[in-house]
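Look at the two complexes coming up: subunit A is in both, with subunit B in one and subunit C in the other.
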Partner chain A sequence: MFCEKAMELIRELQRSNEGQLPAFNEDGLRQVLQEMESLYEQNQTDVNEAKSDGRSELIPSIKLRHCCLLRNQRCLSAYLYDRLLRIRALRWEYGSVLPANVRFHMCAEEVQWFSHYKKSLASFMRSLGGGEGLDITQDMKPPKSLYIQVRCLKDHGELEIDDGTVILLKKNSQHFLPRWKCEQLIRQGVLEHVMS
Partner chain B sequence: MSDALSDDGSVNQDDSQEDVMTPAELIAKLEEAWLNEKFSPELQENKSEVVECVMEQLTHMEENLQRVKKGDAKACIHRMEIDRIRFVLSSYLRSRLQKIEKFFPHVLEKEKSRGEGDPSLLSPEEFAFAKEYYANTETYLKAVALKRMPPNLQTMDMLKAVPEPCLDSFVFLRVKERQENILVEPETDDQREYVVDLEEGSQHLMRYRTIAPLVSSGAVQLI
Partner chain C sequence: MRDFLSGQSAASPGWDSWRSRVTRTTSRRVQRWSFLCGCQKGLYEKKRRVLSVELPKVYREGWRTVFNADPNVVDLHKMGPYYYGLGSQMLHFDSPENPEIAQTLLQTFIGRFRRNMDSSQNAYNEDTSALVERLDCLEKALFSSGQSGLNSFQSWEKGRASQLTASSLVLNYRKRKINDLQP
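Let's turn to the complex of A and B:
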């Protein structure tokens, strides 16, 4: 059945968990493009025959193939665009450096799209407030308390807080730190918010 | 509020501006814009003057905070206040950016086709961002798939491919200025259109499309 492979790509994304990026299905993409090429060629032949020999009974199959072509285009675009949205979400979740295992699942063009996106976002943030700049990827949650208790999940070296004191972030150590300083580190998985 | 910390708390820093607001009024304006943006299905008019003023205010408050003695209990409260305002501002800008990305071809189209005197939907920075997002996405789709497709399928009409915001979604609102004779369109064929009067202070749940102009004019506040 036509468009089966294209549907499979969509299902692959639907099956994967919210926000997760499965490996780029280069094979699947190629198969859909091949199907499109062959459908198009068959149509070219039939259109010529219909015109020259007046074989109007070919028209329904020409129309069918055209519909399949459009469907394949639509499915592919949906597959690719949905992946872009997941990649975009990664910038907001992890920051501008993606974990290696995620990058591994991206094709070269996706990596490039990500690079352009984060540059665009960075210039936008820098230009806020007449050039003053504001990092809107911070402050994701309304501030509930000024300081929070955090536990260090892995060694992260030294952290300097605003009043000059230096904290050593050693694995399993617990600290009482200003919330705004910890946000990014919590998202990156370095610190864990300990709720008492 | 921040009057306690700022030296000339009753007048906005930039005296050359026409609207002079107290910091409290400015923050109230920010919160209104924030709520409207959060709850409306489509992108609202841009309020870059509010954004700029709030950022100036934040800088001013941070500077004042530096001067306060360390360990002073008041410092904590003011720090909290700065964090809260910064959260609202960031959330507001994020809300806008999300809608710009979600509806990018429509947003750009609307901005391009607006009249000379009409207020702009996007700030210059947002406009640049939207254009870059469009170009980036189009280039990507072309490079990965479209250029490998048959000749008649190598372009994609973004305006058709990307869904438009759903203006018929329902929103909660509170009436700030009394409105008379608001026409409510029927939703189904067997309904008829009817008019309502919106009393000041009353709260309603209505289709966004019906009251969209009232949100822009400030007559209602989305909640």
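Let's turn to the complex of A and C:
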């Protein structure tokens, strides 16, 4: 039946966990585009026949193929758009540098889109606060204190703070650090916020 | 993605049983086909009589009586995971039973809503599969937003609202990575 391949793409996205980006299904996409091409060609032949021979009984099948074409187009747009929304969320959760296993699941156009999005966001953030700039990816929850107690969940090497002090982030070590330095690392799961 | 699916009454694992049946009339013979709802809408024209649409049984008189009697007893997941979405789309096909179908859809939702809301707001930190298994997809979405509201409120009550946490996306990716590595 028509539009099955397109539905498969959508089902694939629905099956993946909330927010996760599955690998880009280039094969599936190509199959849907091929189906659309063949539907369109069949329709072209039928339209010419209907016009020249006056065969009006071809019209319902032309309409059916046209509906299937529109349906396939809509499914593909939804598939690509939903993936872009997930990629956009990754910028806010992971930061500007995505891990290799995530980038592996993106196609070349999506990688390009991501870097454009990063640039737009960065230039927007720089323009805030009267030209001074404001990092809006920080302080996603209202802060209660300037400094927080954190515990290291895995070895992450050295971290330099604004006053020049260098902290060694070794697994299970605890530190008292400025909030703005730790927020990104906590979100990435390197540090853990310890509430006293 | 969920909105797209319910809006067009499209894919789900149980979808194949939910394509509404269509009767194509020609001067020579009548053929019964099974189409996607969106394609039927494009083909359906009252004047030309190309297609007539057969209502799925869950929207017919028999089942409507059940829904009007007590909507809470019905397993809406089994009867079509997109009961409300597909029902709203079926209204497009000018059936003489449209007012009754619309009324039943509305009353079913109203009748079930209270119980779903209460269970989503009171099931804290426990297994909700028994509560969720008989719900339609729209109800499941409402249930999960109720649960997330409940969890946020509880964490605020415990003073954990200001605690910074790792992003759930990051944690899920890490779990997957470990699963990929394991043989």
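By definition in this document, the second predicted complex is superposed on the first by the 185 of 196 C-alpha atoms of A that agree within 3 Å, B and C clash if a C-alpha of one lies under 4 Å from a C-alpha of the other, contacts with A are read in each partner's own complex, and residues count from 1 in each chain.
The rule we apply is simple: contacts are C-beta pairs under 8 Å (C-beta built on N, C-alpha and C of every residue); 3 or more make two chains touch, one makes a residue touch a chain.
Source: prediction; values computed, not measured.
Visitor: Regarding the shared-chain residue A:C68, is it in contact with subunit B (first), subunit C (second), both, or neither?
Guide: second
Visitor: Once chain A of both complexes is superposed, is A:P143 in touch with subunit B (first), subunit C (second), both, or neither?
Guide: both
Visitor: If you stack the two complexes on chain A, which partner ends up touching A:Y40: first (subunit B), second (subunit C), both, or neither?
Guide: First partner only, subunit B.
Visitor: Would you sort A:E183 into first (subunit B), second (subunit C), both or neither based on which partner it touches?
Guide: Touch partner of A:E183: subunit C, not subunit B.
Visitor: Do any residues of subunit A touch both subunit B and subunit C, and if so, which are they?
Guide: After superposing on chain A, subunit A residues 70, 74, 141-143, 179 contact both subunit B and subunit C.
Visitor: Under the definition above, what is the set of subunit A residues touching subunit C in their complex?
Guide: 1-3, 7, 10-11, 13-14, 17-20, 57, 60, 63-64, 66-68, 70-71, 74-75, 78, 82, 89-90, 93-94, 99, 101-102, 141-144, 148, 179, 182-183, 186-189, 192-193, 195
Visitor: In their complex, what parts of subunit A are in touch with subunit B?
Guide: Touching subunit B from subunit A are residues 29, 33, 36-37, 39-40, 69-70, 73-74, 76-77, 80-81, 84, 88, 107, 109-110, 112-113, 116-117, 120-121, 123-124, 127-130, 132, 134, 136, 138-143, 146, 163, 179-180.
Visitor: Where on subunit C is subunit A touching in the complex?
Guide: Listed in rising order, the residues are 1-2, 4-5, 8, 10-13, 15, 24, 26, 34, 36, 38-39, 41-43, 50, 159-174, 176-177.
Visitor: Which positions of subunit B touch subunit A when the two form their complex?
Guide: Interface residues on subunit B, with respect to subunit A: 51-52, 54-56, 59, 70, 76, 79-80, 83-84, 86-87, 89-91, 93-94, 97, 101, 125-126, 128-129, 132-133, 136-137, 140-141, 143-145, 148-150, 152-153, 156, 161.
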